[in-house]
Structure formats: C-alpha cells, structure tokens
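To keep things simple, chains are lettered A, B, C and D as they appear, and every chain counts its residues starting from 1.
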Amino acid sequence: MNQNLTPQTGHGTGDYVTVNIGPSHPAMHGTLRVIALTDGESLIKAEPEIGYLHRGVEKLGENLSYHQFIPITDRLNYCSAIPNNVSYEMAVEKLMGLEVPEKAQLIRVIMMELARIADHQVCVGILGVDLGAFTPFFYLIIQREEIYEIFEWFNGARLTNTFGRIGGVDADLPDDFEERWNELKPNVRKANEETEKLLTHNRIWMDRTIGVSAFSAEDALNWGFTGPCLRACGVKRDLRKDEPYCMYDKFDFEVPVGKNGDVFDRYIVRMIEMEQSIKIIDQAYKLYKEMPADAPLMARVPKVIKPPAGEVYSALESPNGELGFFIKSDGSANPYRIRIRPPCYMIYQAFPELVKGELIADLVACLSSLNVIAGELDR
Amino acid sequence: MAKPVVKKEYTLTERIYLWEILKGMKLTWGHFWFNFKACWRPGPHTIPTCWQYPEDRTREISPVFRGEHYLQRDDKGREVCIACGMCAKICPAKCITVKKGKREEGEEDKYASKTYPASFQIDLLRCIFCGFCEETCPKNAIVLGREFELARFSKEECILDKRKLLLNYRKAKEEGKLKPPKKRVPVVPAPPKPEKAEGGEIKKSKAAAPGKALKKPVEKVKSTEQVEATQNKEAAEKEK
Amino acid sequence: MDDWLVAIIKVVGIWVWVLLIAVVMTWVERRGAGLIQDRPGPNRAGPWGLFQPLADGIKLFTKEEIIPTKAQKFLYIIGPALFSLPAFSAYAVVPFGDKIILGGKEIILQVSDVNIGFLYILAIGSMAVYGVILGGWGSTNKYSILGGLRSTAQMVSYEVALGLALLAVVFVYGTFSLRDMSLAQQGTFLGFLPNWGIFKQPLGFILFIVAAYAEANRVPFDLPEAESEIVSGYHTEYGSMRLGLYLFGEYVNLVTISGVIVALYFGSWHLPYIDLGAYLGPISWGIVSFCIFFLKVSFFLWLFVWVRWTLPRFRYDQVMGLGWRGLIPLALFNIFITALFIQLTV
Amino acid sequence: MDLKKRVEQCLGPENLVVAMAECQGDLSVEVPKSSILDVMHLLRDTPGLGFNFLSDVFGVDNLDFNKSKKKPKEKTEEGEGVEEITTKESLPPRFEVVYLLLCLERNERLQVKVRVAEDDMEVDSLYSIWKAADWPEREAFDMYGIRFKGHPNLKRLLMWDDFPAYPLRKDYPLEGQGEERHLIYDD
C-alpha cells in the first residue's frame, strides 16, 4: 500500500545532507559507522566505514602460540563465542591431521547449536529493538541468559567461553545438562512463539520488513553472502549440510530458505533455524548419551602444538554464516599467518547495495537484520 | 543490480492492523499480570526472571566459574605454588608475573615445595579469565575462584599480589567456595608405538609435574597435563 | 471576587494535579514496561520505586545546562517552553468531574466551560508542533532537524484526521462544549448500552485514538524521537530541565488526550446503568465524579503504556500513508455515515 | 576425476600453473600474477570446475617464511605428507595473495595464489568478477600495501586513511610504532 509513497531517490534538488550514523549511535551495534547521503528521508548513498574495533587479531595470532589464540577467538563474535572457538580449533586440527573423538564432536555440536540459538535470539531481539518493538528482545534475552547458564556450568564462563581445546573439548557436559536442557527447551520455544506472535503477523512489522533491502540470489552470491542472509535470498546453502563437519551429517534437520532476501525473510529464516537447532541438540544429546561415559574427549595432541608446515582453510557454519580460518604454518609453535574469514564482513560490504533507495529507517532495519558484529567485522 | 520486486499478500487480519495488535496486547498483558502478581511476593527475588543483584544472591554460581584468582594452600596450610612460571608462560594476556624464591631451612611449614613464589602478581586489568593458568598449573596452585565482583577503586588494587591471592583463598575457604579440582577429560588411548616427542623434551624442565605425567601409564595422561607439558617444553626452550 | 478565587484555585489545582499525574506516569511507564518485559523496572527509590520520578526531577534540575555552540540560542531555549506551554494549557477546557456545591455555590469541575472548548483544544494542541520544530531546528543537529520535520509532518497530517473524527462527535452531540457533551452521555442508548460516545461513534473512536497517538508521538508513531534511527529526534541536543520539559510535556499531553477520550467517548464521569449523582450528596458526588473520571483517564494512560511496549514503530512514509490514505478517508466516511444517520433519525 | 587433475587440465594448457600443493586435502594452485584474471575466468567458467563463489582474498607476508626456508629447520614430527611448494627462484617474492574459491555445486574448495614481489606490488582486482573481492582486497591493501589494479575504491579499510605503515607485514612490530590519529575538526 505504501510503496508508492516511498520517495524515489535522485529526484530532489541536489540539496543532499550527509548524515553521519555512528560509531556512537543507538542503532549501531558496537562501533559501526555509516556515512549516509540523504535526500530528506531517503538514502542516496550509504557508505559503511569500519575499523573502529580493529584490534589486530590476525597480527596477535602470529605472536601467540596455537593454544593461546583460542581465547582471542572468543572476542571475535562475542555473541556466539563457541562457534568461533570451534572453527579455529577445527582449522588447527585439520592442519595437524587430528581426528577428534566422536563424543567431543557431539559436545561441540550441542554447544554450537546452543550458541546459534543464543546468537539468533540476540539478532532477532535487536532487530525488534531497532524497529521499535522493545519487548520481544527481553523475552528472547532471558532465554539467552539461561543458555549462558549452561555454558557457565560447562566450563565457567558465560560470554567468552574459551570452549574446547585443540583436539577435543576441555570438559564434559555438566551432569545436570539434560535437566537444564529439558527445562530450557520449552522456554526457548515459548519465547520464540511469543516473539512471532508479537511480530510476524503484525502489519506494522510486516510493512517495516517485507521488501526492505531485498537482494537477489545472484547478487548475494556475487557479494559473498553466506549464512542466514544468503538463505533468505533463496539459496539453499548450509555448510552443515553441504560440507558436514562434526558429525552434522548424522542429524536430521532442515535448512530454511527464504525468497526475497529482505529483512522479513532473514528474520523468518533465523526463527526457523532456532527451532532446527533445538532439534539438532536433541538428536546430538541422544547420540551423546549412547556413548560410554569414559569415552575419550581429547585426541592425542602432541606435547607441543607444532603443526607441520602447510596451509589449510577450514570453515564452519557459524550463526552468521561461513566462518573460516586460514592458517599458514611454518612448523613452529606460533602460526605463521592466521586469516579469519568473518561472515558478516562479506555481507556488510554489500551494505551500500542493500540499502540503496531505502529510507533511513530501513538502513537501521537492514543493518540489524544482517547481524553485523563489530568484533568479528574488524577483528 | 535491480532489486527483486517483493509482493506479499496480506491476509485480512494482517491488513486491518488492529486484530494482530490486540493479540499482541493480550500477550503482553499476560506477562504484565504474571509479573504484577509476582511483585507482591516477599523477598528481593520477586520476578522470577530477574535477580535483584546486590541484595539477592540466590543465584548459584557454577562451581567451575572462572572468577578472581586465588593461590591454593595444602592441608597443612602451606603454599603449594612452586613458582615454575608456567601460568605466566601460557597466559595469553601476559598478566602474570612470578618470581621464584628458594625455600630456606625452617620454612617447611610455610612452603610445600623447595621453591616458592617470592612474588606473584596478577594484573586483573589485563586478565581475560580464560582459565589457562589454572589448567596448566602442575600443582593446582592457582585457581580461578567463584568471586565475580571485581570492581576496584584504583588501578593499584587491581593488581593481585601474593598476599591478596592468599587472602582470596582464605575467603573462599571460609565461604565454602573452594573450587573442586577440575575434572580431567579422557583422552584417546595411545597408539601402540610410543610417542617420540615425550622423551626428549621434559628432562630439562625443573617442574615436577611432567615427570609425573611421564611415569603414569600413557592411558591416563590427561589433557591438562598435556598442556602443562606443552608449556614445559616452551619454558625449556626459553631457558635454552 | 469569589469567582476569581474559585477560578484561581481550579487553575492551580488542576495544573498541579495534571503535573502530578504526568510525573507519576513516568514511573508507571517505566514500571509497566518492566513488568511487561519480565523485569521489575525502577524499584529502588522509595517504596516500589515511587520516588524515582522525584529523583529524576532532581537530577534534571541540577544538571548543567549545556547549549551547543552552534545552536541557535533563542530557538533552542524557546523550543521546550513552546512545547510544554500548550500541553499545560490544553487541559483548561477538559472537565475533571461533574460539579460540586460548596457554600451554596455551584462549582463545575472544569477550569473553564467555554462553548468552543473543542476548537480550543484543537488549536492549542497544534501549537505544540512549534515547540518541536523550533527545538529541532534550533539545535543545529541533523538528527534533530529530521526529528522535527518528521514530527511536523506527522502532526499536521494527523491533525486533519483528528479534527474530522471529532467533527462526527460534534454532529452527534450538537455542541462544542466538552461539559455539555459529557452531560449528554448519561442514561442508556438503544435501551441496553450505556449512552457513551464510543457506542455511537465506534469508528470515530478508533480513528480518534489512532490520530491521538500520532499527535502525542507515542509508539507506534514515535518516529520523531525514534531512538534507533535518529537518536532522540528533536531533543537529541537537549539536556537538564529543558529535556525534562519535553518529556513532561509529552506526558501532560497524554493526560489531556486521555481526558478528551474519556469526556467524549467514555461517558465522562458517568457510570454505566447507574446514576450515582441521584443518590449522593452534592459534595460527595463532586468527589466521586472526579474519582470516576480519573479512573477512566488512568485506564487510557495505562493503554498508552501498554501499547507502547507491544508494538514496533511505523516508518515515516507508512505513517503518512496511513494518515492520508487510511484515516482521513475513513474519517470522512464516518462523518458521512453519522450525518446520514442523524438526518434519518431526527 | 579428482580436483587436482581437473584444475591441471584446465589451467595446464595455457601454462598458467606455477606450482600446486596439497595440504590436508586443501588444494592450492599458484598462478602467474599477470594472468590472475584469466585464471579466475577459466576457473569460474570451465564446466567441471565452476568455482563460482569467492570466499576470501587476503595477503600473506612471506618474509620470515622465506628466511626460515633457506636454513632448513628441524623436520616436523609427523610428516603429514605435505608437499612443499616448489618455487623456481631461489628467493621467492615476498608477498602472496591467496584467493579462496568455492564451487557451490560440488562443494569443492580451491586456494589460488599469486606471488607478489616487493618491487611490483600490483595485482589485478577481481572486483569485476566477484563483488565479494571489494573489502578483502581493500584490506589486503591496507595491511600489506598490495595494490589491486581496477579496484573502484582502493583505500584503507581498517586503519585510518593516512596511516603510515602496513601493519600486518612481518617487519611491523606487534606493539605498533606509536602512530596516532590526528583528528582535524573544521571549526
């Protein structure tokens, strides 16, 4: 109904205003900055500027030992530290040719899927906050805290987990995991349902999200999209299915796919993925319970982690998309070069394309639906 | 780069705004009413999802929580740290400084081992609470306790010296918050061929742990010890 | 002399009362938001956090007043004043009770029963937009200007819908005086419904309340201060009590709007099916009618809070679209139907 | 047919393969710097390869690596069957740019490398083929000073515009050199 009213770009008098959004702005999660050229409310151009959270993680990695780099990976995507840890560990394991015990892989799957739920919850919640719906954020964030509780009882940290070690995991699941999970599962589902009730069919929400920053599948692939943002565009690509790691091929789950690649589809894809994650955790825990209690959780790691010289790239499906680590080793105890391929880095570079011709309010919606995490973006 | 045209048919209830809005309001009312009733419950912890933090400390902190550090004493009250410096070595944030001291005659009731830390400093401002120091310690001397209130009034207070670390231990002990020793995870059994690396690297290390690790049957070598050993070798290399 | 005294007492009394409600509203809003969102909200200052607005007030009063270097000083200073002044004066024609007889003198519980009270509200209400636009302009901040412009466009558009929705009410009651309208809502309608405006004007009520939300810049129409888009809109650059004036002014507006809603659509001080005035003495009926009125008002105040924490926010063009293409045609339709109905029945 | 052979078949006839290596199943191809665009076109369009997704682009500084290559270090413990990259020159060029390609249909990955000598730091930009190369190339420029010819907007990405050094180079100290950003506010 309101499409025709959207001011078309470029029809103005040329009196454009440059609006600087960020790095300190309520809608910029972390320290992002967008320099927007606007004609009234509509955007002529929006150019993101990044680097405000650049901490030189890649340089740091070259100066730390393989083991010491694990806590640094926590600080990449601070919304879901565990997939970051595991991705890095998988890369090193690949470099060393280590076989991770199955039970450890299951624990990793369980924890990663929990982290995925937590991450999606934050993303959806923040999307709601940015579009003015404050309440779903709280319903979701409460459940995220409960997930963090599981993390805390697993190895003692809530946010920066330092999960796992090279070759396995550092702890077994807490004894009361099943109890906690059974308690948590309906709550997560309930929170998601409530969010859907408050948002999905609400006309205001639909108007705000449907068709906003829509992106075609070809463009998305060309720009290097991965993860929910790519799936929202209609490309059925999920590393968990396509390049199974950590026994993901043993689980039965669906990969939700959107159609238009707009904010609404990204939101829906994330909502469905949470449900699928719950399914995966259930299956993984079932498999986990079938394992003997004293099944190994660590591979035999050499005393000093000194992988042979070589270069590998290993990626996994983090909540945001393909999170890859390229490690070049020269055979010494420190990695020679670590390259992190953050998912939102590739997505965010298409931001000017995504918001072209939209309104300022859509810029915010688009940004939060991409789930850009500054820590991961700038490294 | 044409954007895809998006068409979505709205159903009638979606179209008229109000129906879904009323449904949403029903939901929020449910939450409001539930919490409103909960408000009248006694005690600081009224609304179930919210802990009134400084008053309400009923939330259980995980026994493996990684909080403020303390230095362990053994049953006889002796310091167990041997100042091997492995925690300082592994620390990714380089926040630990240890100076080694030699135990004098007559100090056996103070220090459990021949060496002890003459000074032991942890810079809490640098610490990232990864727990590697705890994991690598051959004597389980340094522990990240359950204390999570780390706010201080000055930078100097944020540097934990040995006295403070031992005080933390006493405090944790009095409050019954001593951390249970970390459960070690089982490792894949060794292949029949003995590992080449083991023999060569540990001999120069002054720490006691790797020796122990060596003597144990291979099946029982645990991950923590491997990390220790890693550090040992690094320490050894450094000394070379 | 007595008339003057009574008038002054009424003015001061209602001013203090409205201000008090506005202040309490800030607490209700935050506490209500908290409870809706599964958290307690401000509960530290005083019992149930009731002193929170007081603490906020003290904070706002004692904060340093900062005028941005590049701000246009005059406009910057006059903005909040212009915003809060109409907010406070608009309540003058809204009743707050029936009447009270003190010392043989009949005092109507309304500051002034002007016979064009209705137009007064519309006129004064649209003054508030000057405060917003001047504040936004005077701050010399792009966000502020955007917020000011949004607010202006929105208020001007919804003024039309609001006026048209109210016009139908005038058709029904045949008067501009809010007191007369209130009095007309006694008794029953069609034999079984209370004789309230909402039953005669259901569509008009919905239109009015939507337009009123937009006028008051409340969610889902809070684009002028859309926090996530344009920081705080027109009051981005404001601090200390100037900000406080904007915030209080908003809540005072809410009280006024709720008062108007109750007076027009919800039977003012009348209870359905029962005429308490016939049973009670003149003084006690005065007090009781006041209480009834404000109970109804507080429900609508709560509705503002409730809706705010349920809904997302519109987009600028959608607000305009809804206003011009949704509400105004509907309001015209409503007027037509009302006129037709009146023509047929009278 | 395995990937290595297919890549060889595709690039071999044009004499575009400088070296090939495989590490833990990751195939990497080194190609001449001048023909990177041709290579990418070939890899993308040849049926049977179809690397249609650019996953990442980044630089590597081989300063220390080359040094350590010259004096042979101790043998790595396990000898994982790593094929050393055989280079023709005695001292290979200092930098390399690594392109991570992905074939979405077959889920195959390929690392393509070009060597960039310190005196000729210009590589053709892939922006014309994949938009995804936009920021990664800018970052490689930012961090190593490798310039990408044909990039529409080649300026620093993470560091500020007048940052004097290239921080990921191996000769740049970890602690930095005390660069400061001087913000200039117009009055």
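The rule is simple: a contact is a pair of C-beta atoms (placed from the backbone, for glycine too) under 8 Å apart; a residue touches a chain by one contact, two chains touch by 3 or more.
What you see is a predicted model, and the numbers here were worked out from it, not measured in a lab.
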Comparison of A-D and B-C by number of C-beta pairs in contact, larger one: A-D
Central chain (by mean CA position): A
Chain whose average C-alpha position is farthest from chain D's own: C
Whole-Å gap between the CA centroids of chain C and chain D: 64
Chain A-chain D separation of Cα centroids, rounded to whole Å: 26
Chain B and chain C: spacing of chain centres that average the CA atoms, whole Å: 55
Separation of chain B from chain D, taking each centre as the mean of its C-alpha atoms, in whole Å: 39
Per-residue overlap in chain D, given as positions that touch at least 2 other chains: 77
Residues of chain C whose C-beta touches two or more other chains: 36-39, 309-311
Multi-partner residues of chain A (at least 2 other chains): 135, 139, 142, 198, 202, 204, 219, 302, 353
Complex contact set, residues of chain C against chain B: 32, 34-40, 43, 48, 206, 306-307, 309-311
Chain D - residues contacting chain A, complex: 23-26, 28, 52-56, 58, 60-61, 64-65, 68, 73-74, 76-80, 82, 84, 98, 100, 104, 107, 109, 111, 130-132, 134-136, 143, 156-160, 167-168, 170, 172, 174
Parts of chain C lying in touch with chain A, wherever the complex brings them together: 33, 36-39, 142-143, 146, 149-150, 219-220, 222-223, 226-231, 309-318, 320-322, 325
Chain A residues within the chain B interface of the complex: 64-65, 67-72, 74, 99, 101, 135, 139, 142, 152-157, 160, 162, 165, 167-172, 194, 197-198, 201-204, 206, 210-211, 214-216, 219, 260-262, 264, 294-305, 333, 353, 356-357
Chain A residues touching chain D - in the complex, by the definition given at the top: 50-51, 54, 56, 58-60, 62-63, 94-97, 219, 221-224, 235, 237, 242-243, 302, 306-313, 315, 322, 324, 326, 328, 330-332, 336-337, 339, 341, 345-346, 348-350, 353, 378-379
